[in-house]
Amino acid sequence: MNKELMTARILEAKVMKGLTWEHLAEAVGMSPVWTTSACLGMNSMTEDKAFMLCEALGLDKDVAQALQVCPHKAWDNAVPQDPLVYRLYEVVGVYGDTLKALIHEKFGDGIMSAIDFTMTVDKEENPAGDRVVLTLNGKFLPYKAW
Amino acid sequence: MNKELMTARILEAKVMKGLTWEHLAEAVGMSPVWTTSACLGMNSMTEDKAFMLCEALGLDKDVAQALQVCPHKAWDNAVPQDPLVYRLYEVVGVYGDTLKALIHEKFGDGIMSAIDFTMTVDKEENPAGDRVVLTLNGKFLPYKAW
Amino acid sequence: MNKELMTARILEAKVMKGLTWEHLAEAVGMSPVWTTSACLGMNSMTEDKAFMLCEALGLDKDVAQALQVCPHKAWDNAVPQDPLVYRLYEVVGVYGDTLKALIHEKFGDGIMSAIDFTMTVDKEENPAGDRVVLTLNGKFLPYKAW
Amino acid sequence: MNKELMTARILEAKVMKGLTWEHLAEAVGMSPVWTTSACLGMNSMTEDKAFMLCEALGLDKDVAQALQVCPHKAWDNAVPQDPLVYRLYEVVGVYGDTLKALIHEKFGDGIMSAIDFTMTVDKEENPAGDRVVLTLNGKFLPYKAW
Amino acid sequence: MNKELMTARILEAKVMKGLTWEHLAEAVGMSPVWTTSACLGMNSMTEDKAFMLCEALGLDKDVAQALQVCPHKAWDNAVPQDPLVYRLYEVVGVYGDTLKALIHEKFGDGIMSAIDFTMTVDKEENPAGDRVVLTLNGKFLPYKAW
Amino acid sequence: MNKELMTARILEAKVMKGLTWEHLAEAVGMSPVWTTSACLGMNSMTEDKAFMLCEALGLDKDVAQALQVCPHKAWDNAVPQDPLVYRLYEVVGVYGDTLKALIHEKFGDGIMSAIDFTMTVDKEENPAGDRVVLTLNGKFLPYKAW
Amino acid sequence: MNKELMTARILEAKVMKGLTWEHLAEAVGMSPVWTTSACLGMNSMTEDKAFMLCEALGLDKDVAQALQVCPHKAWDNAVPQDPLVYRLYEVVGVYGDTLKALIHEKFGDGIMSAIDFTMTVDKEENPAGDRVVLTLNGKFLPYKAW
Amino acid sequence: MNKELMTARILEAKVMKGLTWEHLAEAVGMSPVWTTSACLGMNSMTEDKAFMLCEALGLDKDVAQALQVCPHKAWDNAVPQDPLVYRLYEVVGVYGDTLKALIHEKFGDGIMSAIDFTMTVDKEENPAGDRVVLTLNGKFLPYKAW
Amino acid sequence: MNKELMTARILEAKVMKGLTWEHLAEAVGMSPVWTTSACLGMNSMTEDKAFMLCEALGLDKDVAQALQVCPHKAWDNAVPQDPLVYRLYEVVGVYGDTLKALIHEKFGDGIMSAIDFTMTVDKEENPAGDRVVLTLNGKFLPYKAW
Amino acid sequence: MNKELMTARILEAKVMKGLTWEHLAEAVGMSPVWTTSACLGMNSMTEDKAFMLCEALGLDKDVAQALQVCPHKAWDNAVPQDPLVYRLYEVVGVYGDTLKALIHEKFGDGIMSAIDFTMTVDKEENPAGDRVVLTLNGKFLPYKAW
């Protein structure tokens, strides 16, 4: 079973069981962002997490095996088109050099890892309109000199 | 004076005065991310902020005027090449659909604004290696039906 | 049922029933542009609107459910090829900087929202040839400084 | 004098004289959108309009001549990056097929001209936030069969 | 029935009946270029023309209905690869600015319409090698000033 | 002297002398399209034509030499943006396969040469609006089998 | 039968019969390059050649008919990726201007035809490693002046 | 002195001395293709060849040094636009898979080197029009298995 | 059987038999990198290696035949998206000119062959985190002068 | 002083002093690859290394300061054109999935760091032709689950 079919089966079961991503995250004892990304085929699960997820969704071993495969990560368009995703791309375009300047000033020459990396999505209630709060947390990796 | 020359003048004065972006942010009473982005030509300042910045840097009225111009925001490559900026782009590619799924589940159909938007960069000290923490905070905008 | 199949089913029923987009808009009590865009998979409907539409077209619950899903908005070519759509793209290319100059002068630094946004299509009768009138109405969003 | 230099001279004089695009439009007796677009090098003026504009700005004959040249219309990126312009591009992407469906239904097979075309920018005051109203008015051109 | 299937059915019937594009054009009383383009899905026919064509080819009502649908015009590659089509693209690239200069000199600022447009293909016999003669005839559309 | 400078010098002299492209074509005894394309750097002239052109414009030997150089033909964007040139590109996109079908039917497998090629621009007066008539005449080249 | 299926059928029969491209070329009395290109769908055969080929391969009339259709020539990537094909592309990139300079010097302003064109592939035995010899032979086409 | 300036100096001297590429090739005792490519900055010369070339052209040591530098080979457009160069690109597109099939059949799995490579340009006189003959000769490199 | 199906069959059998790439490499007596690349369709095997591989995996003659076919090497995106592969692409981008400078200094003008080429992947154990060691070994090919 | 000027000054001094990259690496006590990359503007030096380099080359403080700036890493073309660099790109394209498969099998799900990374270039003498040996050594970074 490939990742596309795996995701389709998970989404179908999730709707039928009336579960949210937060429910699934609790079922495997991980964060919602990571759990969702694994279900969408963008991260791999350990065997025990994969079986916990399949148990919660009533899915069989094939799905659990597919969840453990190291994914080939890819996305559709170099410049995303969906407005929600494009706004994130725009933030990278507009603030990329600003972040580079500030990270170099605070940490030195290096990067923020996208591998040793966690992320959360929160809702900040606000009478003027609720706000989405994304927190990206990545290890600083200094460029090695040799 | 265009934005490119304005930025060059600011960077030169910043080095000569030995100031950090945090110093400049304090001088104008704003956050480091926003202040830096205005200096790099990606946001416009009000007249008073522009003059406060120029005073801190010992720069003249031309720079203050350029800081107030609405910028034409643009970036070099559709897919960024600098490793620090690319990692942010990769996060959008890998986690874009995950964020879309979670935001729709928590907020409904809509997007996170990149205009009514703030961001901070923090350093999280960690014995296994310090971590970069980026917090993006944007107003949720529901799609209007009409 | 995915959005592509949903659209195919709606278009088929619309032809068989001999209904226009204006009829469908009236059936759900919304504007023709918004109603059409939801049928083409570019906006999501609330449950009651979705059922009103399906009733008008004699379609079943599967279509109504698909209409409620938050769409992944995408389009074929970065530069559109169909002449009708290309002309709109050309207007953005030719007049983009003009609109930017005028909006900044009238409203300050910010953008016209494409989310808190409505649009109408009208026919202006004219002996020299009828004219298409498109009215775009979007909330002005000032750039937040922080 | 080429169009780039012409625009630079006009923008400089406009700032020095403290004039708005609306003032300039009144000076030549035309609309603000058309007047601005001609000043930005995207339309050509007749000789009398060109001289009226230069008189209002205190500019010489070279600028007036450049204003009369048929422009080579072009724009920077196939996909615009400035957020204000991108939102317009996004509207074309998201609503292009919707507009195509509605125009064909109302007018038959053909397009909205981008040449026999006018546009206005208006401000709609609104306590929940002012709104930008763009009105595009183009002649319907039916495809000729031969 | 979509346009792709419609074209396939027409091409198949055309071969089986041993008809040329010129025959089909006579059958509908229109030019060969326009008739061929409608059969290839690039123009729409009126109901009577569609039935005349289907009668000539022995095709049923489904094809006649598909012929009347307003097409979504698109082509494969932004830069065409087939040598016959590429040569036309090359002519546009090499002579585009020349045609622009001559049309502006003869007609003023405006364009040649590709909508109010006709085209013919003729064979000019020549002992040194026959020649292809393409005649493009489009209405001149002056840029509207407003 | 390179071709860019050559063109600039010719355009400047042409304006100062108040000559049209047709005048220049007559001066060298060639067609307006070919003469203009050579002046714009897209064709090379023989020595005598080059000197006749320079004489008509009062230009010196440097320009005449540059006119004789075999040009490196190139254009700005793979997809042209200027509306006049784009319409020609659109015709190639929309009618490319139609022309291919008709040329193959009339001539066999081969192409219309863009090298052994001539073109004219004419004005067809018409009370409903004048029309631009472009005539492309290229030798048919059959694919050689070997 | 389309060209893709035709090629698949030919390749399958060629393997089963244990024939080489040279055998097939002999069977039709043409060169290996041209014969192979027709089998791969990049050239059309006359009726007699098509039947000779099908006889050699034991294929039926459908394949013979498909071989006679004028192909729509296209290739996968603008920049080829297969190393064997990329090296040829690289030769064009590295030596393109060199060939242009030498051809213009030897022949005047014009091109080498890719239509009135033949090519051979030969093996030059060499103790230091055999060498591939490609010979391209195209008619020189001078640019027509008119 | 960089390669661009070096080439400009060589071309200028070549015109002033009235020399052809063949003369220059004789002067350095190498082939015209290789000599031209080195002059255009696409190959490097040994010290003695560089000085022989400069002597023939009356150029100084700076040019001779620049000729010895290993070039950074690059070309303008991924898809070339000049018609002469495009025809070569088209040959690679149309016949790439044919050449791949024939080379694999004659030599096995591997490529024709573009480094251990020579090329000649010849003129084949022909009453029906002279022909350009390009001969590419590259070492066959078998893929190493390890 | 094409290469895609061949790879799918090999991967399936490899999982079912619980074999690693190193096991398969041992089974055919070749290196893991080369063996894996042949299984993934990027190199061809000799007949005996192909049968040894199929024996180890319990696969039939069809797979063995497919393994011997010269592959058409291609990859998905010009800029790879999977993070593991992108990092390698980034190394080429960041260090490409550095490697060019050093190879030219050590070897002269030429390239490292990607055909007469071997590669190994090793694990270097390290208490601060294990390290991946890739060794690329390619024959230096000097540019031939002729 | 920006990085481009810095590199130009270093290259000029290196030639004048007759030094190799290995000499410069010894002068700063680092590897040739890293030292060269810093001189080409792709890595930053600490203050002491920068001064050691400038001393060896007889360059002043401006160059030493430029060497310490965190670079904005970028490269010319998404697909490199220089043959030496392209071969490395081709290796990534051809062997990217092979390396992914082997690294996942040996290390688990994760990547090879391009930041905590070293590289060497060696010459392996070989009577059949010397070989270039590149050794890439990067820390394995496992994907963090959270």
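Lettered A, B, C, D, E, F, G, H, I and J in written order, each chain numbered from 1.
Note that in this section a residue touches a chain if its C-beta (ideal position, glycine included) is under 8 Å from a C-beta of that chain, and two chains touch if they have at least 3 such contacts.
If you're wondering where the values come from, they're calculated on a predicted model, not measured in any experiment.
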item	value
Those chains which touch subunit J and also touch subunit B	A, I
Partner chains that subunit B and subunit G have in common	I, J
Chain whose Cα centroid lies at the greatest distance from that of subunit B	G
When subunit B is superposed on subunit H by its C-alpha atoms, the rotation angle in degrees, nearest 5	145
Label of the chain whose CA centroid is most distant from the centroid of subunit D	I
Where subunit D and subunit G are represented by their mean Cα positions, the distance between them in whole Å	51
Where subunit A and subunit B are represented by their mean Cα positions, the distance between them in whole Å	23
Inter-centroid spacing, subunit J versus subunit E (mean Cα positions, whole Å)	55
Residues of subunit E engaged with two or more neighbouring chains	33, 72-73, 75, 78-79, 81-83, 90, 93-94, 97, 100, 110-111, 113-117, 141
Chain-to-chain touches, reported pairwise for every pair that qualifies	A-B, A-C, A-D, A-I, A-J, B-C, B-D, B-I, B-J, C-D, C-E, C-F, D-E, D-F, E-F, E-G, E-H, F-G, F-H, G-H, G-I, G-J, H-I, H-J, I-J
Interfacial residue positions of subunit G with respect to subunit E in the complex	72-75, 78, 114-115
For the subunit F and subunit D complex, residues of the former touching the latter	76-77, 79, 81-83
Complex interface listing, subunit H residues touching subunit E	79, 81, 83, 86, 90, 93-94
Interface residues, subunit G side, partner subunit F - complex	30-31, 33-34, 43-46, 49, 70, 72, 97, 100, 104, 108-111, 113, 115-118, 141-146
Subunit B residues within the subunit A interface of the complex	20-22, 32-33, 36-37, 40, 42, 73-75, 78-80, 82-85, 87-103, 105-107, 110-114, 116-117, 119, 121, 123-124, 126, 128-141
